[in-house]
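Chains: A, B, C, D, E and F, in written order; residue numbering restarts at 1 for each.
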Amino acid sequence: MPRFGGPTTFARLPRGDEVSRWDVAILGVPFDSGTSYRPGARFGPAAVRMGSRLLRPYHPGLAVAPFDRQQVVDVGDVTCNPFDITVALEQIEAAAKSVLLKARSLIAIGGDHTIALPLLRALNRHSGPVALVHFDAHLDTWDTYFGAPFTHGTPFRRAAEEGLLLDGRSVHIGIRGPLYTERDLPDDTRLGFDVIPAAAYDDGGCQSVAQTIRSRVGSAPVYVSVDIDVLDPAHAPGTGTPEAGGLSSRELLGTLRALRGLPLVGGDVVEVAPAYDHAEITSLTAAHLVYEMLGLLAVTASPGASPERLTPQTVGI
Amino acid sequence: MPRFGGPTTFARLPRGDEVSRWDVAILGVPFDSGTSYRPGARFGPAAVRMGSRLLRPYHPGLAVAPFDRQQVVDVGDVTCNPFDITVALEQIEAAAKSVLLKARSLIAIGGDHTIALPLLRALNRHSGPVALVHFDAHLDTWDTYFGAPFTHGTPFRRAAEEGLLLDGRSVHIGIRGPLYTERDLPDDTRLGFDVIPAAAYDDGGCQSVAQTIRSRVGSAPVYVSVDIDVLDPAHAPGTGTPEAGGLSSRELLGTLRALRGLPLVGGDVVEVAPAYDHAEITSLTAAHLVYEMLGLLAVTASPGASPERLTPQTVGI
Amino acid sequence: MPRFGGPTTFARLPRGDEVSRWDVAILGVPFDSGTSYRPGARFGPAAVRMGSRLLRPYHPGLAVAPFDRQQVVDVGDVTCNPFDITVALEQIEAAAKSVLLKARSLIAIGGDHTIALPLLRALNRHSGPVALVHFDAHLDTWDTYFGAPFTHGTPFRRAAEEGLLLDGRSVHIGIRGPLYTERDLPDDTRLGFDVIPAAAYDDGGCQSVAQTIRSRVGSAPVYVSVDIDVLDPAHAPGTGTPEAGGLSSRELLGTLRALRGLPLVGGDVVEVAPAYDHAEITSLTAAHLVYEMLGLLAVTASPGASPERLTPQTVGI
Amino acid sequence: MPRFGGPTTFARLPRGDEVSRWDVAILGVPFDSGTSYRPGARFGPAAVRMGSRLLRPYHPGLAVAPFDRQQVVDVGDVTCNPFDITVALEQIEAAAKSVLLKARSLIAIGGDHTIALPLLRALNRHSGPVALVHFDAHLDTWDTYFGAPFTHGTPFRRAAEEGLLLDGRSVHIGIRGPLYTERDLPDDTRLGFDVIPAAAYDDGGCQSVAQTIRSRVGSAPVYVSVDIDVLDPAHAPGTGTPEAGGLSSRELLGTLRALRGLPLVGGDVVEVAPAYDHAEITSLTAAHLVYEMLGLLAVTASPGASPERLTPQTVGI
Amino acid sequence: MPRFGGPTTFARLPRGDEVSRWDVAILGVPFDSGTSYRPGARFGPAAVRMGSRLLRPYHPGLAVAPFDRQQVVDVGDVTCNPFDITVALEQIEAAAKSVLLKARSLIAIGGDHTIALPLLRALNRHSGPVALVHFDAHLDTWDTYFGAPFTHGTPFRRAAEEGLLLDGRSVHIGIRGPLYTERDLPDDTRLGFDVIPAAAYDDGGCQSVAQTIRSRVGSAPVYVSVDIDVLDPAHAPGTGTPEAGGLSSRELLGTLRALRGLPLVGGDVVEVAPAYDHAEITSLTAAHLVYEMLGLLAVTASPGASPERLTPQTVGI
Amino acid sequence: MPRFGGPTTFARLPRGDEVSRWDVAILGVPFDSGTSYRPGARFGPAAVRMGSRLLRPYHPGLAVAPFDRQQVVDVGDVTCNPFDITVALEQIEAAAKSVLLKARSLIAIGGDHTIALPLLRALNRHSGPVALVHFDAHLDTWDTYFGAPFTHGTPFRRAAEEGLLLDGRSVHIGIRGPLYTERDLPDDTRLGFDVIPAAAYDDGGCQSVAQTIRSRVGSAPVYVSVDIDVLDPAHAPGTGTPEAGGLSSRELLGTLRALRGLPLVGGDVVEVAPAYDHAEITSLTAAHLVYEMLGLLAVTASPGASPERLTPQTVGI
């Protein structure tokens, strides 16, 4: 089947209902009611799946075939209530818990960054606190917006407060742009985060940044959260709060690749807002980021049974 | 000042803080958290104001100069909480009430259609129930979505339930497209609405439709609510729930114009989602619709004192 | 599940592998190698399915619930070889035959207009020759392009030559624009077609055109083929050979609706090229056209057993 | 040669330097320094030529082959100074005069509407005053903008003042939208123009409008000037001062076609601003309008010698 | 007020008429009649203000709150005659002089690069000649275009000739792309400019480039002029004469930031042409550049009285 | 003539029929029937010529005037059959041979990458095997797609098999993204290619990469083939199989420039698909790449007679 037709699961992976074993599950989270500026990330999961159609099976940079070493499945989208943030967070957490009953790891496709909180809550129940490796233009550790504690600008303050993150192991990468006050950075530090600003890429590039990340996380289990706005608007126009001066897609992919061997336990790629994208450049890069995470998981996967299926069942026509 | 520069109030009208008298107030309502599909109408007020920059002072179709017969002001935007629909509805209602303490009429620029409810509530307090002349592809009289009673699909059921509309005087125009069940139309009728489907324009055009509207509303005070998706997607791509088979902009403007003389008491133009617009065609048509309403108001305005100001104060450079 | 997430089958219908009974099958045909100008209709099936997400279950214009009266399924896409037209035609014909072994009717989503030929061949095998009701800006009865007999400009000459069409029962609607020579129209007549030009809509509108179509086809089994370029470029920019002066989406939908009761046996909607679309206006109109055909089929369907499923199975998360 | 490649002359016509006889010349006028709002019509000639690539040789509506009855040539673009309106007007007038030394008729592709004045001046020298048939959303008979007498809003006041138009023979069609003052229309009448507003198409359509035009112009030599913004923004987003409520492309083409037999002496299609276009819908419609004028010229052309060439010379590879 | 609604001044700063003290004034200059290729920078000021809505108050890179250390105001747009370059230059110069009677510094938002000349003239009257730090793909020291001495390709030749620049202190950064002749660079040198080509960023990056700039300007008062086309077209598609091979937004922002402490006296950001932009990536980067200049001004500002206002007055609704 | 009007040859060069001497010929190859994903490169030649309009005569980076040292001509487009790949390859090869009878060198503008094979075949006949310097995200040495041996993913396997490339002299630059299997890279090596992955630019940049290329090719005659998707999607959205993590336009132009002095014998720039481009950023970069190759050819050209013409003949108006 040519890649412009056929299945619409992520990278043409089998659906969750087609295989009995799930090693890694891809879960769409079409929720953007926590967005403070340009909405539309609710269409992110569909767009990233479309952007994943060109992904091929072998990752030469990591020398691994991510779909061969582990059974990867696309389990579809969570039903999220667009009109009630609290209800939606519960729905997302419940769905993630349900997936993690069956799958070793979960990679989520957002949706806005609000969704990271229920994902971390579910993961915490599943495997305890994690080191957060957080790529973003913004800290996302603000306290409230318009009185709301759960928005796309606050998930990691909540996560830190709730003990979902390991002490002294988390780091933001790619931070840039103006802040609300001079207290934002000290507050963030007090919550237990380190910051690697976007400008750090000017000195030493992605290898150097990756080394700093490795020093920070040590051997802790790692959750990687990628807000697509960590990329420069040139590389990711399709997002809600773009910020000039960001990373190139090569820098970001290179950084992830250089984390090879870290014990990744889950991750997300969020804030893809397709209405602002052009020619799918944002959503296909997001798809590559998910693929990169799948590669990292494959590298550390214990070689087990072969996957049951590599692609979804299709009608025999 | 060339129209590509200078003030950004609607049609370069004076701001509310510049004049003591307000006859008609234009109010932006940047709220779209009640949207069920493509969000983004929160950027509607800014876009419609931009689209209004080419509006000139004299309306030849109605033979009236809308800004000369009445003091029209742009009172800016309501602060609406994007994260809590209930709070936002209260904010919008309070703002509208506050405006109506001072202005005879209010024209709102949305925002999604959820905002019509608090506007009708405020208007009801100000001048009692009204006949609703509602242009839309959709009935907007559904009961709940995902359990939520206040969304962009439900304002007129709530309005009918709350007694904000006059019995037997309201009408939907431009309805088309699939419904949820065969009970939708009978339910709508039971709530007190008539329906003029989009296909009615095939027989007799806008004059005939306007005559039907006039028969329906009689001499009741009229509130005109225009969901921009009443237009065909060709004419209004920049909206959230487009529906094929709609009106042309000439048909819609012609219908409004043919309502000349009806006692308009307020109105809104909603659901302009600029991220989906192209070359401002949706937002400039929305601006024309607001202008048309201002013309209708001017035609029935009692000739009073001349406006204090026609344009905003600018720095003298 | 909100309509911006979840299944990606047409109108969220069940997949073919989920139900044992198929009354009507939707088949994607991602093939555009027969295109003479702007290619890209290979992405049509995916785009039209995306554009179908807002379709609701009840059709008020036809007073029928198309998915209740018959088991409608989405059987996915045909694998078509993009590099060899002959091979692809065989693949499409074989797939259609296979579907028609099981389904009473088939609605195809193109793809370019080349695909109509193998569809008509399969249908002919299944139920004999048909009356063709063909909406298009172009005749599509040219002989060859660059020596190629099978392209998107030639399917209906081939169909006529092969006896796939009933004598004197077929008609083109919406024809306009320049032709190659003054012989094109007489040649087309000689092949057995009537022409209703786009300008015919100026006199009497869609009811009048529909009446002419009905006179032409009589009680013959009808195949409806809609080239989306029958619409004006304002209504369908996302296509390959746009032609000014076309139909509005209301005129086209109204014409189809006015064919209520004709014995439809199949149909296609072709030439949607998403790279040229804007805000999905072309693909959502195409989805409405498919829905309209499903309504026509439902109206004439013998009331049978209820559908097994109305929506696809989803993972229980 | 497939139409997506090869020559870039209008409709693949021969260049002016390739044939000795010019019956009708197509002239590009890339000038937009008279624009008051969205500029960019300087790219109009290139875009309209691109949009003409699909034009075929036979016009069924007029039953004529426009390139067979007369030698049509594309004489390229005028060099217009973008920084000095006065100099540019002289350049355009000189170029048009030079073309009219050789060609019987001239069709210009703008450029903004300022260019109509030097074209009418040249034509006046060539064949005396004309009846102006002017399709536009705007009157273009204003006096000055920012003190400038020669802009895209003033050409026809200047033309009337200079005696370039026949008394009582000229007419604007498609006028709509707000005016500067209530005096605009009486002033326009005093200058000798009639107005057929866009709303006139609601009663009787293009045949009725064409009849009114015919009554107005009688047997006078006719110059047709089409500002593309006479079309609704849905049909012509690619223009500088769009105005809601306009004509469909079918209405405009139908009106022109219904002028069959009038003694056309020249014409222009102006105000195509490609930066605001989408999928070439504006520029291809503009190309159809030029083609329609060529058809009108062919219908009244005295049958003469056959054209020397139908297409440009190409390198033999 | 959410940032998608409310005031439209730059970064929600107070208007000039709202405060008595102006330390730094932002001035829009909507003029693009000096453009030689893609016009549209006349819409630049409105677009850059829209792109500034996400700017927050604290600049972590410079450790300063630009709006707290100085009273920054948005004084609106200059009225510029679009039809007469000479008149427009006088209007711009007069406006700038008028602003500088009250404000210590002026940051202009263009408009095309022609506007730099009248700005430098006004600044010269105010504080004498300056060192020009000029970011651009092009030298802008050509002599004339089509005989015109004042266009967007000539401002700095004129400025040098008029003695507005300090001897041996000015520098172009980011130059690349083909030139008219081999004499362009020597001519530029003779006028007193140094050139740092875009390729210089390959060796040492922004810190190294900033050091070269510092060496060049010494302790002279600095005027920073940023033509947005110094950025690569990927980062700034919304401009008139794009040139491949440019800077990333991180390189440009990093260079400006590294000029911390230089005695900036004014600046401009020009050539933003929104019609060619996508998802506001050009205009929001331009807004960041203005913010960066405000930060540089704040760093060297003598601590004075607190600002009177931080945001514009809004109607109390 | 302003650059927004006038001739549409590449960089306004003379047409092939205007000069007797051809040193370097530019040839458009509008063929994309070998495309496996997003088609549309058939419009590449027209778009790249449009994107070349701003190119000026002097190349400061190479200190050469490419059009002065050699007679460069634009010989137009090859007629390629879009419906039969085999026929099209023959047409392209024949055209290239025909051009090379007259011109010393040929630069082709694609079209998809399939066209490189017939170009290399023609070149081989003309001057023997070459060293291939191939910039691309993909190896393009796959064997077949859907059974087809000649597609845009296979030209260089075929070229290697046919002996068109010198042993051990060819190199791919910019490779990245997932592969089909782990055997792809060893297979590629076995065919005689070296690989410089995109990530190599992280270490040493374009100078270092250019040095590696030089080591590889030695003094062999060089053919440079640039698939525009070697650029990051941010820099080249207008292409068919975009791949995240690519080169910037500065890196690519810098690499080509650093090949100064190599004996270039021909080249191509392929895979520009304008329907996916924005604001011409892809096509103007492609035009710069062609210009860069013309510069490389000029540097090594033996100084001969001056060009006969620098620009095309235009009608004297």
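The criterion applied here is as follows: contacts are C-beta pairs under 8 Å (C-beta built on N, C-alpha and C of every residue); 3 or more make two chains touch, one makes a residue touch a chain.
In this text the structure is predicted, and so the values were computed from the model without any measurement.
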Next on the checklist: I'd like to know which pair from B-C, A-F or A-C copies the B-E interface, where a copy means over half of the contact pairs are the same by residue number.
Outcome noted: A-C
Next on the checklist: Centroid from C-alpha atoms only, then distance chain A to chain E, rounded to Å. What do you get?
Outcome noted: 37
Checklist entry - Per the centroid of Cα atoms for each chain, what is the distance between chain A and chain B, given in Å? => result 40
Checklist entry - Which residues of chain B are in contact with two or more other chains? => result 2, 4, 36, 38, 42-43, 82, 146, 232, 234-235, 248, 276, 278
Item to check | Listing of all chain pairs that touch each other, if any do | outcome: A-B, A-C, A-E, A-F, B-C, B-D, B-E, C-D, C-F, D-E, D-F, E-F
Checklist outcome for this item: Residue positions on chain E within touch of chain A in the complex are 2-4, 53-61, 63, 65, 205-207, 232, 234-235, 248-250, 253-254, 278-281, 284-285, 288, 291
Checklist entry - For chain A, which residues are in contact with chain B within the complex? => result 32-36, 38-40, 42-43, 81-85, 87, 145-148, 151, 275-276
Checklist entry - Which chain E residues qualify as touching chain B in the complex? => result 1-2, 4-8, 15-17, 27-28, 30, 42-43, 45-46, 50, 75-80, 82, 94-95, 98-99, 313-317
Checklist entry - Contact residues on chain A for chain E in the complex? => result 36-38, 146, 176-182, 184-185, 197-199, 201-202, 232-235, 237-238, 241-246, 248, 276-278
